[in-house]
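In structure tokens below, several structures.
The following pair of complexes shares a single chain, subunit A, combined with subunit B in the former and subunit C in the latter.
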Partner chain A sequence: MTSLAEAAVATPRPWLRNLALPAASLVFAALVLVAWEFVPPALGVPKYIVPRVSDLLLEMARMGRQENLLAHVVSTGSMAVLGFALGALFGAVCGYLLGLSPLWERVLSPYILALQIAPKVAFAPLFIMWFGYNAWPKLIVTVLVVFFPILVNVLQAMHTADRDQVNLARAYSMSPAQVFWKVLFPSSMPSLLAGLRIGATLAVIGITVGELLGGEVGLGYLITFGEGQANTAMVFNAIFLLTIIGIAMYGAVAWVEARVLHYIPRVEH
Partner chain B sequence: MAAAVALELDRVSRRFATRGSGLFTAIEALAFSVRAGEFVSVVGPSGCGKSTILNLVAGLDRPSSGRVLLNGLPVTGPSTHVGFMLQKDLLLPWRSIARNVEFGLEARPMPRAERRARAQQELQRCRLSELADRYPFQLSGGQRQRAALARTLAIEPDIVLLDEPFSALDSQTKLLLQRSFAQTIAGAGITTLLITHDLVEAVSMSDRVLVMSERPGRIVEEIVVDLPHRDDPIARRPLPRAQDLMTHLFDALHLADRTDA
Partner chain C sequence: MPVIRRTLLGTALALPALHRARAVEAMTYLFPAPSFLPAFMPHQLAQKRGYFTAEGLAVTFQTGRGGADTAKQVGANNADLGGGVGETTMIVRANGVPVRAVALLGARPIFQVAARKAVGVKSLADLRGRKVGVIGYQDTGYYALLGVLAANGLTRSDLQVQAIGPAAMTQLMISGTVDAIMTTPDWSDTIEQAGTALDYFPIDAVFPAMAQAVFASDETIRRKPTMVRGFVKALLRAVRDCIEDPAAGARDYVAAVPQHAGKEAEMQRILTRYVEDVYRTNPPAALGRFDAERLAKVQRFYLDNQIIQTAVPVTDLFTNDFVG
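Entry: the complex of A and B
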């Protein structure tokens, strides 16, 4: 009896839950867009302060035709991905190396902390002076910004690795390299991936700051260009596209994470 | 009759440096031996150095003085002849059960197919074949310990060291698992050193029980369990003689506590 009653209640639920949430989110988005379209004009806010949604769409179409928008998007996107990949690689490699050599870690840890706290984007003008108005400054800023959270996360994982698992591997006469690749490295995966998720969002910030400060390509450049022309819609659109790039990168990392960490039981809320 | 000595501890002491300048003696002049194929349990109060012994035999730690001999040779580091297993199953969560069982074999040059086959065989012996492709989080505590035993036996050790492998389990699972372990170990004829807090477990599973004192740990009593059913603790447990031994052990531990307190 109870099981039947439960089944009757339980069956439509997951189906409903699966659709109800996205539907609610969509309704919310629609409400915001409608409000954005009609509330500012009603309050007498001029277009050049807050453009309407329809203005943004028209401007987006114009940018696509006249401003070579696709090239800017591709440039920013590819630079963000490249900077992210390099920063992640260096950060992870340094994290593992420091994790394996406690002496070096102790020697370097004050500087790591200082650099971690320093606002990395503030280095951008310096890099522009050193390397000129090319891709290097923004790439280096992005690499720096991504580097630290990943380094710190990997280092943390190396510290908290299960001593007994390591001892088990040693008891099986595994070489230090085998202990690393079979125990330490896989057990650092959750932390590494959490670091990558943070890094993916920071990469977009790094690249944007680099583009804002110099060069003639990228969505950051379009923001300064739009600002110079008092083209608010262009600035809004560029920010929107930067956000999309960030979400895409975050989503890609989250997708990889879900696949790599399939062995961790998911907590059902 | 007098089988070869598989493991010998020759006046082994282990001292740890303490925070101050002093030395902390965990075990003192410990001497005992285990014959090939024998099942020996070590019981004693918490902190008396049981896990320290296990680390010394596994080659993960060195004695401060004395020698540990495996098949007559001094232990200088981890050896492929020793398998060990702790209260924590130490299954690697990112590996399937089959891959976990293969883990110990990966330290040796061995073709992958052969490794697979060994693991399959071991899973079968521990009655885990159906669970081979599952991940550790999908197993119950008892199944996980069985998988850990399969991993331990897969390297075909001469001796296995068990550090309270059943203590985290509920009492029914514990009984069944003890029997399962006893059968597997008896079937394979492996020398076993079991560290435990559980006196009933010690008597119902072993050929011999060593009682340790409070630290610094020494052997204060040795009890030979000359009873049938070594491969079936559930059958051995109710034997009157087994009950006597348990009572005796209980008293022995109590006494040992008092003299050293």
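Entry: the complex of A and C
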């Protein structure tokens, strides 16, 4: 009896154990916010350098009332999703096509490598010059930054596909299309989805760069506008909302990944 | 003995010059747009004619990203002095940036709205749905435009306000890509000379917007008053030169700024426009000075139209202590 009671005390109940981690995270966040609220003013840091948490909340409310915040969030979010979708589609299609054609891969790989190394965001001013002050420049920047990680991941997956399975499929007289859809495509899914996860976070960076350089809508514009008038609270709020968009997109991809790759065992942390 | 006497005499005579040489103070001035723009002719002229040197200053010009950005950088002491327009300080001071204006370069606003005649804009309200260019969203011209729009019942979502940068202001008007811009006299001249007719809408008909101004941080004013006074004196001397003799001013300006080589006539025409539209004050002795009442009116206008959220005491926005 005594040993059972001791064991019950020593082992926390499952619901308690489940709550402990989020509670610790919340306490940590609360401590950071309290420090953020009180430490900068105590050190004499002006609010145009580091605004307090209360300044951020007040500014967020004002942005909602006066700066048409919802329209900016929707614009950035929708363009990020569209850019991500197009970049992912092009990246995946090009990855599969090059993976199926070693000759074309060898011909194009130096150029792909050069384009991958070139800082894509530096192209933004050129896109503005070519396409004007509309949605195209930021969309193209986003597509470009999303394109490469997915292309590289898919190409890598095509290279490392199980040759035995491919040979087996061929031995069963499968057509090249059947080999692709039955063997190569499924085996590339983990790499493709890993690329999509990277792409989802990069999409937010791409769209922000595009909005910082041109255009009058979006959270990137609010960063420029707020930064110009030393309204640092507006800049912080816009960055916070961009982070939320990035997390939402990453979460969506992770959710899809968990369902598509349900058959792959995962380590539980 | 004569050698020693001559040496001592020479040293005594050279002492004031040596003192002046030692007293030269290096400082940085931040322009809100590229330094070669004719809007900054007085600054370049003061440099070329040695007016800054005469005040014991070695001035280095740098370029910021619009007037509001410049005021912020000056307030944060990232530059000794900077430029924007007279009302710029109220935009950033409201957010706690300790910057104020120390000189005003003229009586009338540097900006006005210019629309391509072909577009058929008859009043500022006709800008609805149009594409209007500004240098950047950090520039005071943008805030002035927001004020003008608000006074005409428009918000920025009623039209497309595009931050196109200084180089594109003339190019995109000439090509017809934008319908109107917040123009300065030099851009207007370039566009008209390229054969694009313009309709003008002065913004001081809407609110008492101002000319270019020089900014300094509270700390710089406290710690380096001689430097601020010397800069303002030299710059205002150059502005007076421009008013009195635009031809000579344009000639020396072109000699100082290689980008405009061979364009003496064009620069003289532009400078004359600046003199008539912006620099000239009545009385002439008012050049450089701020009018607290005018600033208060602009601040009230910006506040009423939600261009700024908080008002600061008008006396914190400027000082006339360094003028005259």
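Keep this in mind: the second predicted complex is superposed on the first by the 250 of 269 C-alpha atoms of A that agree within 3 Å, B and C clash if a C-alpha of one lies under 4 Å from a C-alpha of the other, contacts with A are read in each partner's own complex, and residues count from 1 in each chain.
Please note the rule applied: a contact is a pair of C-beta atoms (placed from the backbone, for glycine too) under 8 Å apart; a residue touches a chain by one contact, two chains touch by 3 or more.
Keep in mind that this is a model prediction, so the values were computed, not measured.
Asks: Touching A:Q178, do we find subunit B (first), subunit C (second), both, or neither?
Replies: first
Asks: After superposition on the shared chain, which partner residues are touched by A:F28: those of subunit B (first), subunit C (second), both, or neither?
Replies: Touch status of A:F28: no partner.
Asks: Does subunit B (first) or subunit C (second) touch A:Y221, or do both, or does neither?
Replies: second
Asks: Just to be sure I read the superposition right, which of the two partners does A:L168 touch: subunit B = first, subunit C = second, or both, or neither?
Replies: The answer is first: A:L168 touches subunit B but not subunit C.
Asks: Could you look at A:P186 and tell me whether it touches subunit B, subunit C, both or neither (first, second, both, neither)?
Replies: In the superposed model, A:P186 contacts subunit B only, not subunit C.
Asks: So in the superposed three-chain picture, is A:F240 touching just subunit B, just subunit C, both, or none of them (first/second/both/neither)?
Replies: After superposing on A, A:F240 lies clear of both subunit B and subunit C.
Asks: Which partner does A:W130 reach: the first (subunit B), the second (subunit C), both, or neither?
Replies: A:W130 sits against neither subunit B nor subunit C.
Asks: Based on the superposed arrangement, let me know which partner A:W255 touches: subunit B (first), subunit C (second), both, or neither?
Replies: In the superposition, A:W255 contacts neither subunit B nor subunit C.
Asks: Mind working out whether A:F38 is in touch with subunit B, subunit C, both or neither, as first, second, both or neither?
Replies: neither
Asks: Quick check: in the complex, which residue numbers of subunit A touch subunit C?
Replies: For subunit A paired with subunit C, touching residues are 46-49, 62, 66, 68, 71, 132-133, 214-216, 221, 224-225, 227-232.
Asks: Hey, which residues of subunit C end up touching subunit A in the complex?
Replies: For this pair, the touching residues of subunit C are 65-66, 68-69, 71-72, 75-76, 91-92, 94-98, 131, 136-139, 142-143, 156-157, 160-164, 177, 306, 308-309.
Asks: List the residues on subunit A that touch subunit B in their complex, please.
Replies: 162, 164-165, 167-175, 178, 182-183, 186-187, 189, 262-265
Asks: Once bound in the complex, which stretches of subunit B touch subunit A?
Replies: Against subunit A, subunit B makes touches at 58-60, 77-80, 82, 84, 86, 88, 90, 92-95, 103-104, 106-107, 135-137, 155.
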